[in-house]
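One structure is given below, represented as structure tokens, and several questions about it will come after.
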Amino acid sequence: MLEVKSLTKRFSGLVAVDQASLSVAKGSITGLIGPNGAGKTTLFAMVAGFLQPDGGSVSYDGRDITQLAPHVRARGGIARTFQIVQPFEGLNVQENIAVGAYLHTPDAKEAMAQAAGIANRVGLGADLAKASSDLTVAGRKRLEVARALATKPKLLLLDEVLAGLNPSEIRDVLPLVRDIRDQGVTILMIEHIMQAVMNLCDTVYVLSQGRMIAQGEPRVVCEDPQVIEAYLGHGAAERLRAERSHA
Amino acid sequence: MYSPQIVVEALLNGLMLGAIYALIALGLTLIYGVLHIVNFAHGALLTVAMFMVWLACARYGLDPYLAILIVAPAMFALGYALQRFIIGPASHGKDNGILLVTLGLSIIIENALLAAFQSDTRTITTDYSFRVVELGPLLLSFPRVIGFGVTIATTLLLWLVLHQTDIGKAIRAVAKEKLGASLVGISVPHVYAMTFAIGCACLAVAAGLLMPSFYVSPKTGAAFVLVAFTIVVLGGMGSIPGALIGGLLIGVVEAASSLFLGDSLGQIGIFLIFIVTLLVRPTGLFGARA
Amino acid sequence: MLEVRDLRAGYGATEVLRGVSLDVKAGEVVAVLGSNGVGKTTLNKVLSGVVPATSGTIRFNGAALEHEAAPAIVTAGLIHVPEGRKIFPNLSVRENLELGAYCRPRRGRAERIEQIYATFPKLKQRARQYAGTLSGGEQQMLAIGRGLMGEPKLLILDEPSLGLSPLMVEEMFALIARLAASGLAIMLVEQNVVQSLELAGRAYIMENGIITLSGPASELNSNAELKRAYLGL
Amino acid sequence: MTKPRLSTLAIIVAVLAAIAFTGLSGALLNLMIFMMIIALAAQGWNILGGYVGLSSFGHAAFFGAGAYAMAVLQTRFGVNAWIALVIGIALGALVGAAIGFLSFRSGLKGSYFALITLAFAEVARILANSWNFTGGAAGILIKLQTGLPYLQFADRRYFLLIALGFVAIGLLVSWWLEHSRFGAYLVALRENEQAAQALGVDVFAVKMKAIAISGALTAAAGCLYAQNYLFIDANVAFGSWISIEALFAAIVGGSGTVLGPLLGAIVLLGLGELTKSVSGGIPGMDLLVFGVILVLSVAFSPNGLVMLMKSLGLRAPKAKEA
């Protein structure tokens, strides 16, 4: 469904993303993981059209979309959430979600009704009239997802929807993500919390210092010494191995 | 059309007027570069400085150039207080808030001056107001030659302050890295106010240089404000060399266009430069990417 | 030396720190670990007076700092080397170091700079260069050097290994070990769990704005909970 | 957000109309007409400055386009006043689209946008001042001809009703914004352009429509101004005073609200008259007061009088409960 081919992005000499490729199969949940500053969000921004790559291509449903503007991609069914949540502060929760719903209907009543439905689905049903700035962190993350869902996406890009949530909140959000996939939305997610990735993803890509260093099933990827080192630091893999042989 | 001598003279006089423009723009660009705000009250503050010079001369018989020594510290204090106690707190740090607060201030200042001094234009006559300097066959206005020299000296002084003193280094540090500056113990509100104060002191120097050959009325500054913004945008918002070169350039353009188009249409050349720069290269000739 | 009790802070309606308590004793290296977005950087910003605390207390060498602004905190000797370095790119390396001593008297500044140059010979080579032109590792060294110029009693290092090559990471940790050996108290805020735990005497684990685990580093190092949180193992 | 009902708007307009027929003196009637003209200009400003968050310092460009269209078409081409009015409004939209096309394509925002609009207005002012076609520095006088076809009335109350009618249209447009996709898009891109794009909003197209509507409303105010005073020159039509009054009224009243510009215009001009009479004609005192009010309202009530009244209104019943 989504093919990313050797995308490259430089910021004033610094290579943020270096020849990274990935592919997302229709109906899958694909994870993109990697340590802080690995370039995950930059890669996402290029997929959603907010940044123009310096090299490489993005194709979606077999069409090259590298040159398309973000709103055109959104109309084509690609929705994204932002790592730093970005609610429209002048609008309440329901109106926020309705901005997404307006993509498919010009009618205000219809959009607001759809927004209410989606709010229920993501667990914001009780907060429709709340100012978006009055939501908790978890509430804002849900709002971010709800707004994206309201555009009726085929491909949903989730950028760290779990960051900043506590374990019980995470437990609540995991089924929501799975539910969205079960409704036929393909998902590509950046995630930091490994537990969630192991739980949700069919395939995982690992980005470190701008380069894809591993890909595959989550369990296999987690055993990859390169991945462990990227996460836990130099020497970690060896140490873990040593510990395991002790046990 | 015109003899080459008239054209060259006009352009040279334009260049020298441009130096004073540059001085006005210098304060504006410094404030933008550090606080990242567009100080819409800059023109009105210039008017204040010009009235101060005028008062010092007309009431107390001071020479306008000497008056700078009194007006500059006064403007410095005024600028510090305005930023620290009014613009900073009232705008809540929002871009739009700053824009509106400085717009409000400019209207307050302009009309307070109007209430105090009426709309008459006031001039100072000195025995050198109309003196000319002969440069070979060319005749140059004496006040403008002085203006040119003092502008260069002021710019050098400013450069020294910014590069040799702790507060100057702090100002440059805050311009690019606010958080880092706080973490070494620099008080950002103080640096902001100091920058604003320096910008206002530059206006005092410009006022002293303008008064011998110009007039002041409560609306005088308004005429300079778009010119100053044009220079700042052309030179690159926040760039000091940009303001200097931009000012000289605009002085020449203004002289050329009023020579060939007449005074009223002459201004259009400046505005068109402004619009085109904003549209085509908003970072200016010397500015880094915003 | 540093005693933090029930510290709360946030941005607008969002509370990020939800009651953090921790201690750093003189001469100690304490690691504060946690993944992205749990509030580590906010904690540092509150400690250094850049973000106001909503409640709780911060005592440093006996003085209450929770209502102080950044200059007073720096003067007290609590110095924070931030994540992402935040050096002054438009100033020369030497000027960056000079400003590190902004809150200290001018006297002795030149000697202090020479000491920093002795610790970081690379900075001396690049003294006149704009700091923005340095490599990532050099910038991190400059950030630490600038922090040391402030004559710290406690140095907070926020993600000093972030974005560095593996070799540079090694060098960075070796350097921190040297600083610690000289007797300087260090609070090391890191994602790099293994190396931080090797260096630190004690450690705190932060999750979602609160400390969930603390103890001697050696104990935490063999804690299964920690690995679960980080690797899902 | 405050979302007044349509019935509230109807009552406000009806009350204003009724006031006109309570036997006001000529001076007060003129003040009311002027208030409505400023309110209309401010409503135009509010579409762009309030709902989209792009503060223009040069709405005089639209006001002047309307005023000059009205004056030039009638005096030079003998066009009927009503047709001139329609053309003037269309011209305002067109000028808006032109300025918008240039500025939005270059991605100008914030202070840059404020400055470039100011520059456009100044260019228009200088051109109108030096071009014979627009009457040059002498300006244009519109011939006095009373009667409905000429849009001039011996009884000033009728002109007030017409101005009020336009203000009512302005209120309706703002009301529609609060209840439509287009309005939701405007607020969305004010709050966060990127997030709006991610939801499929064509930011450029939406901004273009907004500036055209904004220009049209403010141009209508310019048309009415010309027709009311029967004289314009470059400094009146394209002068910075109107840019400033439109902005002041909208912000003081409450930018991004339906009733803000109308409320702001009434309060500001009312206070201005009061100051003038109290200060005994010291020049500039009314504007001085405007400036102080602007700074105070940015500092203490960033959402304007409408929100201030609302929050006071909300606090009162709570006090009762306690």
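As written, the chain order gives the labels A, B, C and D, with residue 1 at the start of each chain.
Everything below uses one rule, namely that a residue touches a chain if its C-beta (ideal position, glycine included) is under 8 Å from a C-beta of that chain, and two chains touch if they have at least 3 such contacts.
A quick map from chain label to UniProt name: B = Branched-chain amino acid ABC transporter permease; C = ABC transporter ATP-binding protein.
Values in this document were obtained by computation on a predicted structure and should not be read as measured data.
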| message | If you apply the touch rule, which chains end up adjacent to both subunit B and subunit D? | response | none
| For subunit C, which other chain has the most distant CA centre? | D
| At what distance in angstrom does the C-alpha mean of subunit B lie from that of subunit A? | 49
| request: Using mean C-alpha positions as chain centres, tell me how far subunit C is from subunit D in Å, no decimals. | output: 53
| task | Could you put a whole-Å number on the gap between the CA centroids of subunit B and subunit C? | result | 42
| task | Quick one: report the Å distance separating subunit A from subunit C, using the average Cα coordinate of each chain. | result | 30
| task | Among the residues of subunit C, pick out those that touch two or more other chains and give their numbers. | result | none
| Hey, which chains are touching each other here? | A-C, A-D, B-C, B-D
| For the subunit B and subunit D complex, residues of the former touching the latter | 37-38, 86, 89-92, 95-97, 99-101, 103-108, 110-115, 118-119, 218, 222, 226, 229, 233, 262, 264-265, 267-268, 271-272, 274-275, 278-280, 282
| note | So, in the complex, the side of subunit A touching subunit C is made of residues 35-37, 133-137, 140, 160, 163-167, 192-195, 197-198, 209, 222, 228-229, 231-236, 239, 243
| message | List the residues on subunit A that touch subunit D in their complex, please. | response | 48, 50, 69-71, 74-75, 79-80, 82, 86-92, 95, 98-100, 102-103, 106-108, 111, 147-148, 150-151
| task | Write out the stretch or stretches of subunit C touching subunit A in their complex. | result | 12-14, 16, 35-38, 159, 161-163, 165-166, 169-170, 191-196, 207-208, 222, 228-233
| So in the complex, which bits of subunit B are touching subunit C? | 166, 169-170, 172-173, 175-177, 179-187
